[in-house]
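I have a structure I would like to understand better, so I am pasting it below and will then ask my questions one at a time.
Labels A, B, C, D, E and F are assigned to the chains in the order they are written; within every chain, residues are numbered from 1.
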Amino acid sequence: MSQNAPPAPLSPHIIVDAVMAALSEDLGLAGDVTTNATVPETATAVADIRARENGIVSGLDVARAAFKALDPDVEFTEIAADGAAVKAGDVVATISGSARALLTAERVALNFIGRMSGIATLTRRYVDAVSGTTATIVDTRKTTPGLRAFEKYAVTCGGGANHRSGLFDAILIKDNHIVASGGLAAAITRARQSSGHMLKIEVEVDTLDQLKEVMKHNVDAVLLDNMTPATLKNAVSLVAGKALTEASGGVNLETVTAIAQTGVDLISIGALTHSAPVFDVGLDFQAKTT
Amino acid sequence: MSQNAPPAPLSPHIIVDAVMAALSEDLGLAGDVTTNATVPETATAVADIRARENGIVSGLDVARAAFKALDPDVEFTEIAADGAAVKAGDVVATISGSARALLTAERVALNFIGRMSGIATLTRRYVDAVSGTTATIVDTRKTTPGLRAFEKYAVTCGGGANHRSGLFDAILIKDNHIVASGGLAAAITRARQSSGHMLKIEVEVDTLDQLKEVMKHNVDAVLLDNMTPATLKNAVSLVAGKALTEASGGVNLETVTAIAQTGVDLISIGALTHSAPVFDVGLDFQAKTT
Amino acid sequence: MSQNAPPAPLSPHIIVDAVMAALSEDLGLAGDVTTNATVPETATAVADIRARENGIVSGLDVARAAFKALDPDVEFTEIAADGAAVKAGDVVATISGSARALLTAERVALNFIGRMSGIATLTRRYVDAVSGTTATIVDTRKTTPGLRAFEKYAVTCGGGANHRSGLFDAILIKDNHIVASGGLAAAITRARQSSGHMLKIEVEVDTLDQLKEVMKHNVDAVLLDNMTPATLKNAVSLVAGKALTEASGGVNLETVTAIAQTGVDLISIGALTHSAPVFDVGLDFQAKTT
Amino acid sequence: MSQNAPPAPLSPHIIVDAVMAALSEDLGLAGDVTTNATVPETATAVADIRARENGIVSGLDVARAAFKALDPDVEFTEIAADGAAVKAGDVVATISGSARALLTAERVALNFIGRMSGIATLTRRYVDAVSGTTATIVDTRKTTPGLRAFEKYAVTCGGGANHRSGLFDAILIKDNHIVASGGLAAAITRARQSSGHMLKIEVEVDTLDQLKEVMKHNVDAVLLDNMTPATLKNAVSLVAGKALTEASGGVNLETVTAIAQTGVDLISIGALTHSAPVFDVGLDFQAKTT
Amino acid sequence: MSQNAPPAPLSPHIIVDAVMAALSEDLGLAGDVTTNATVPETATAVADIRARENGIVSGLDVARAAFKALDPDVEFTEIAADGAAVKAGDVVATISGSARALLTAERVALNFIGRMSGIATLTRRYVDAVSGTTATIVDTRKTTPGLRAFEKYAVTCGGGANHRSGLFDAILIKDNHIVASGGLAAAITRARQSSGHMLKIEVEVDTLDQLKEVMKHNVDAVLLDNMTPATLKNAVSLVAGKALTEASGGVNLETVTAIAQTGVDLISIGALTHSAPVFDVGLDFQAKTT
Amino acid sequence: MSQNAPPAPLSPHIIVDAVMAALSEDLGLAGDVTTNATVPETATAVADIRARENGIVSGLDVARAAFKALDPDVEFTEIAADGAAVKAGDVVATISGSARALLTAERVALNFIGRMSGIATLTRRYVDAVSGTTATIVDTRKTTPGLRAFEKYAVTCGGGANHRSGLFDAILIKDNHIVASGGLAAAITRARQSSGHMLKIEVEVDTLDQLKEVMKHNVDAVLLDNMTPATLKNAVSLVAGKALTEASGGVNLETVTAIAQTGVDLISIGALTHSAPVFDVGLDFQAKTT
């Protein structure tokens, strides 16, 4: 994905549903008992959402929705945009309105921005590590249950691209599928026959021998699992552009450059979504509430 | 929390709702197109869920629910229990039944176990680091939106304890609340007056001067924010057992022992839930499907 | 709770969800067949919601949401506020806009106001009956399934306070828990060990002997069940301010004053929510629809 | 409704949805912290649901669903059936199984039985008060938001009958509809024209003159609002069996017999559902948990 | 139903729920990948919804909701109204706003209009075929699962009327009910006794002998199943206005006029909703997006 | 799709959700008032679901779920399987159990089978019409809102294949996308850049000139819109196997064979889902209920 194009936005109804679930989880039946007890209903405030480390921002539309769910009159002004690089101390958004709404929605908003920006930031580190090569950094299905759309969006904010959304939008044949089908040829044939023509087919291989076998068939992509850079290079030669090549397994910030230099088209990394540390972000009130 | 008692289980309806949402996300409308195309409807299989690193297990009830949602006749046998320490290579559960159900639910099940065990494992490292002190490791509200119950449960699997569930079940007065109330005394008084008598009150302080002011009032706990061990020690003396003392901010595996040795009752750590790397766990088919 | 502070408002998403469920229940698939048949789509009207007896108002935000769900352009003007004492004949709110919206939402709006004001009104009678004492009137978990947040809010409108919201936000150890734990000491110890430090612990006792046993432990509150005023007085002396004292059982408007005069801190009354008669309130059209 | 026929049961999905909502409300994220802390996971118990006053039982299927939602292996044995008259001390159901499940679901189960049996019991008092007449006691739409199906079912358990379910299943033309239509004739004509032929039409009248006007049209029922017994008697004569006659307004246990003796077909009473006090019912453990 | 009165509108919450479900189905997690990739976020456009055949329009409020769900600032201007007859080429609505919103919601909007207008158009053909008779064309419960409200509304747009909404709002006794009750008299008596007085009773008969038997009882309507016009005529004579007569079975555009001329009050036709072909309607961009 | 392989089954949670929604729609609050009044709770029955015309069966799993939702003890025995060709009079399934459950769920079950089998049957007619050619019959996104998964499944039961599930799982560039992107090359480039590598790209063309332009780029499929067989033949030659060719527009049972004989790979037909008449199917009780 070009890092210049803005990421495709999340659908509004997905944002609203997730924000409502998160607020419901945090507010329970009794609501924000501290704020309701101590902050007058009419108090207003202005606050900044501020990065506390360097990184890539993601999740501002979700944060906006959290504040507006508490009070539609809250003003939420984006300073940075999703996908922008920010430095520690930068203000990414300014919010003004009901002090109660700001305080009550704060944690939900920050939980989304922190997680999504953490993913975007880690993705960008991988993207930067492969710059100058033709490899694209892609995500996996190893996402947080319930938040896949948000996490895949965050990957695009970091300059990565998305692998399939789920089990439904592409075919990925693994070892167990091949065994159950009675062999590779049977598996690929069945997949072609019984799935929609708009679905691409990828096959996972562990060795060059398996790869040679797969390349006798017409597949859209091959997943080269846990291969060394040397083997990957041979695999890329062997495929010779007849399918997309995806390296997977054993990828980290130390190994990714060498992997990219083998010529693979794609490098998929579960850690982008399953192990990205939170991005540190806070909400500071500009001045006393009024 | 005693590490001997089994953690209190998650409510069944919370498990079912989250599993259904996760399956819906992964299956979309078209379902597992690869498995449905390549694996016969009547094929059966036996598979092991196996730890690929050392750590603490969490999430087995959720994994069971994922497989059973696809086919209620799948047998799911726990080998380890939630909260148990396992080593790389240990089998934590064995599953047998419909090969399709096993393959289709695999990722959802592993996503839950991986995330929850990751949290349990990180928690245990902190718990171990403070052993011999009286400090309890506790979580925060910095959880993944929609998964708070699961993540707080995972913390207990790791031997940690839970801070408040949300904004609704305890009062935590921070700086902005004090400003909006017109002062500390007013904030505490209002919180007492307008909240239920079964809700505890905690107040956040940054300095010993603030702490002295707070201790003039009757509060249940004080949150000592970003203090050095030396200051924390003074704070603990100052409180003198009249309230619970909670250290927060700047806590990591290097600093936590020293913090615990100051005598604080609780150490809260956002990273337990917002930055725990996934626990590496896989599903291996024991034998060919039949 | 101070009767001067306005009650903490219900979260907007809780109101919307309940109103939508109620409208869905009343409208079914076919909608308001009478109004749709007889009232022109463009007709407008002005109507008053009027108290038909003396009491305390509660539920106006919910009523507003009901009318606005039918037509967002309806104007809803509060005359009285939630928690205000009104007399028979007083207008509590005025509504203007689409005549169809007014007629169709009328019953849902009134059902909420009637029930909630009924609870607020009954609560106020108990609050008034204990005025001059230090006792606070509190509710229980004996609420209408699905409406707990609304009913607990209504109790605060009447000047009462809320006991725990549910099973999750405080510990209340009863006889059966003690038996299952193997004794009082074990029960309290286990509760301390395995529950969050921000949860208070209350223990139910039936006799002064049990109370003496409980007071050997550090608990936050004791529930004094079904005791006579004389026994309650002894219990209060025995507790001597070391825990909150809650009287429960056999409380009615005849007995509550004597109970309050025993010095108990709290008097919990299930009838506030499970047996409050509806508050009589109606919607009168000011003039012919136009 | 014949008091001999068992009431038509509630649809299973309506029961499940309401029970899940109620449990979710009571359990929150953290669940039953007291029971989980104090009662071993493997403990079992046997308990009785016992009436603590005389009355009519309603809600046993709902209670069963509450216990089974916590643990499907709980055994729930009905002793009395919905609609049965019980005396203080009678056991209405016996439950055995997981002690945790019994304790955790207890309040939700009792809240349903208490409210529903309260409605059934009050209904039966009205039904008994009109015995020997031809009047049927019916409910109204003044029900608890979200629980209409349960409350209308409870009315049938008490021997009453159901008026329309909502705005969608019958036409009831009131004063405001007549005004908006430009007159009674227009209102009835429009209602006939634009509503389904299977919907009955009832018209509300306040005076005999209005009734005479209405009877010039073919309507299925007339609602005689707030009339004295003497006027009601005249109204019944005037209608002469050409429509069902329904008395409404000013009905209580003192007045209902006289109203029934006027010969009206139906007496509708909002208090059945909006002001029935709870029926006192408790859950007693038969023996120590094991 | 008079074809002059506008059809009673669908309840807003029913529209929103169905539109959200349809958008969710079409957008999945990844959204409209084509539009998001190719159309700039700030592009705007104007488009016409245009009939591509002659017929009756239905579903414009639903289409509006679909576009506004994507972007509330989209302007949706109705040119024709629901129930209006349009000719091929007529514009029924004009939409302007975000080009992305227009493209993304297009299919959902057209799917609703196409299906609903298809039903309205087929209904109108039947209504026209019986013009000059006293028969009313009515629908059945043979509707698309989940869309009954929309389809019954579309029938009214075509000039038809609605039979009962579901199993809950009228009694229709068929052969199996009679068998299970132990005879016709028992079935009718039980239905009267145990159902609300506002529910009408219809009985299905196959022969004139059965009809004679039914007419000994007081029923509101008789369903004359699969009778020839000659038999229907006899049936209408036999009923003699004492109940509504409904012809059902074997009705198509060839037979409906003869059936109507027998004097039956109602002709119910499952095909209106289960077999109406889509109405051909398209969305044309007026000009290049800007 | 091979007609020999059984169609991939619908996910269980999709079936349950749709069945619950359909039952809720049909049962409302009051349930099946006719059956509850006339059929004893303990009555049992055996019934056959029987085809009343020749065609292809689809929807039996959904029907089973409908009966079991009412009573899990109902036995549902498939005689034909989804995808099987049946003749008028054939029994497709036999159901035994609670007579009430059978009667109450009958219409929901038949509505699903009728609609789904109607689609399967129409699809099979198209599939048969192209037999002997290499063309595959595929569906479109012109499906019933809320039922897309069911309708696409029914297409596979009829021997057709599925086009993309929604806007999310494949890229289909139409005229308006090209205009908004500033030209064909830009549109394809952007789609490649910003969408996942596992998504195929199809481009719609109206003329051979447009097709030539498209074939300069690497696309997976071309949608040949509204072309005559002669033009289609030229298009297929021009594409020369470098992309899948899909004919669309103006396809009906008269034209489809000639279209298939042009050598196109796919023929997409909206009518499969938007205009398939219902398949006539009924439920007959084998014998008196007992």
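Methods note: contacts are C-beta pairs under 8 Å (C-beta built on N, C-alpha and C of every residue); 3 or more make two chains touch, one makes a residue touch a chain.
The model shown is predicted, which means the values in this text are computed figures rather than measured ones.
Novice: Could you work out the angle of the rotation that brings the CA atoms of chain B onto the matching CA atoms of chain C, rounded to the nearest 5 degrees?
Specialist: In degrees, rounded to 5: 180.
Novice: Decide which interface, C-F or A-F, involves more C-beta pairs in contact, and give its chain pair.
Specialist: So, comparing the two chain pairs, more contacts are at A-F.
Novice: Where does the A-C interface recur among A-E, B-C or C-D, taking recurrence as more than half of the contact pairs being identical by residue number?
Specialist: A-E
Novice: Indicate the whole-number Å distance between the mean C-alpha point of chain E and the mean C-alpha point of chain F.
Specialist: Chain centroid spacing, chain E to chain F, equals 22 Å.
Novice: In whole angstrom, what separates the CA-based centres of chain C and chain E?
Specialist: Going by mean C-alpha positions, chain C sits 44 Å from chain E.
Novice: Can you list the residues of chain D that touch 2 or more other chains?
Specialist: As it turns out, chain D has residues touching two or more other chains at 8, 25, 27-31, 33, 36-37, 148-149, 162, 165-166, 168-170, 190, 193-196, 199.
Novice: Touching residues of chain A toward chain C in the complex: what are they?
Specialist: Where chain A meets chain C, its residues are 20, 23-24, 27-31, 33, 36-37, 41, 69-71.
Novice: Hey, which residues of chain C end up touching chain D in the complex?
Specialist: Touch residues, chain C against chain D: 18-19, 21-22, 25-40, 43, 45, 99, 103-104, 107-108, 110-112, 114-115, 118, 141-149, 165-174, 176-181, 186-187, 190-191, 193-196, 199, 270-271, 274-275, 277-278, 285, 288-289.
Novice: Would you mind writing out the residues of chain E in touch with chain D in their complex?
Specialist: 1-2, 5, 8, 136, 138, 156, 161-165, 168-170, 190, 193-200, 202, 220-221, 244, 265-266
Novice: Give the list of chain D residues in touch with chain F in this complex.
Specialist: 6, 8-14, 148-149, 152, 162, 165-166, 169
Novice: Which residues, counting only chain E, touch chain B once they are in their complex?
Specialist: Result: residues 25, 28-29 of chain E touch chain B.
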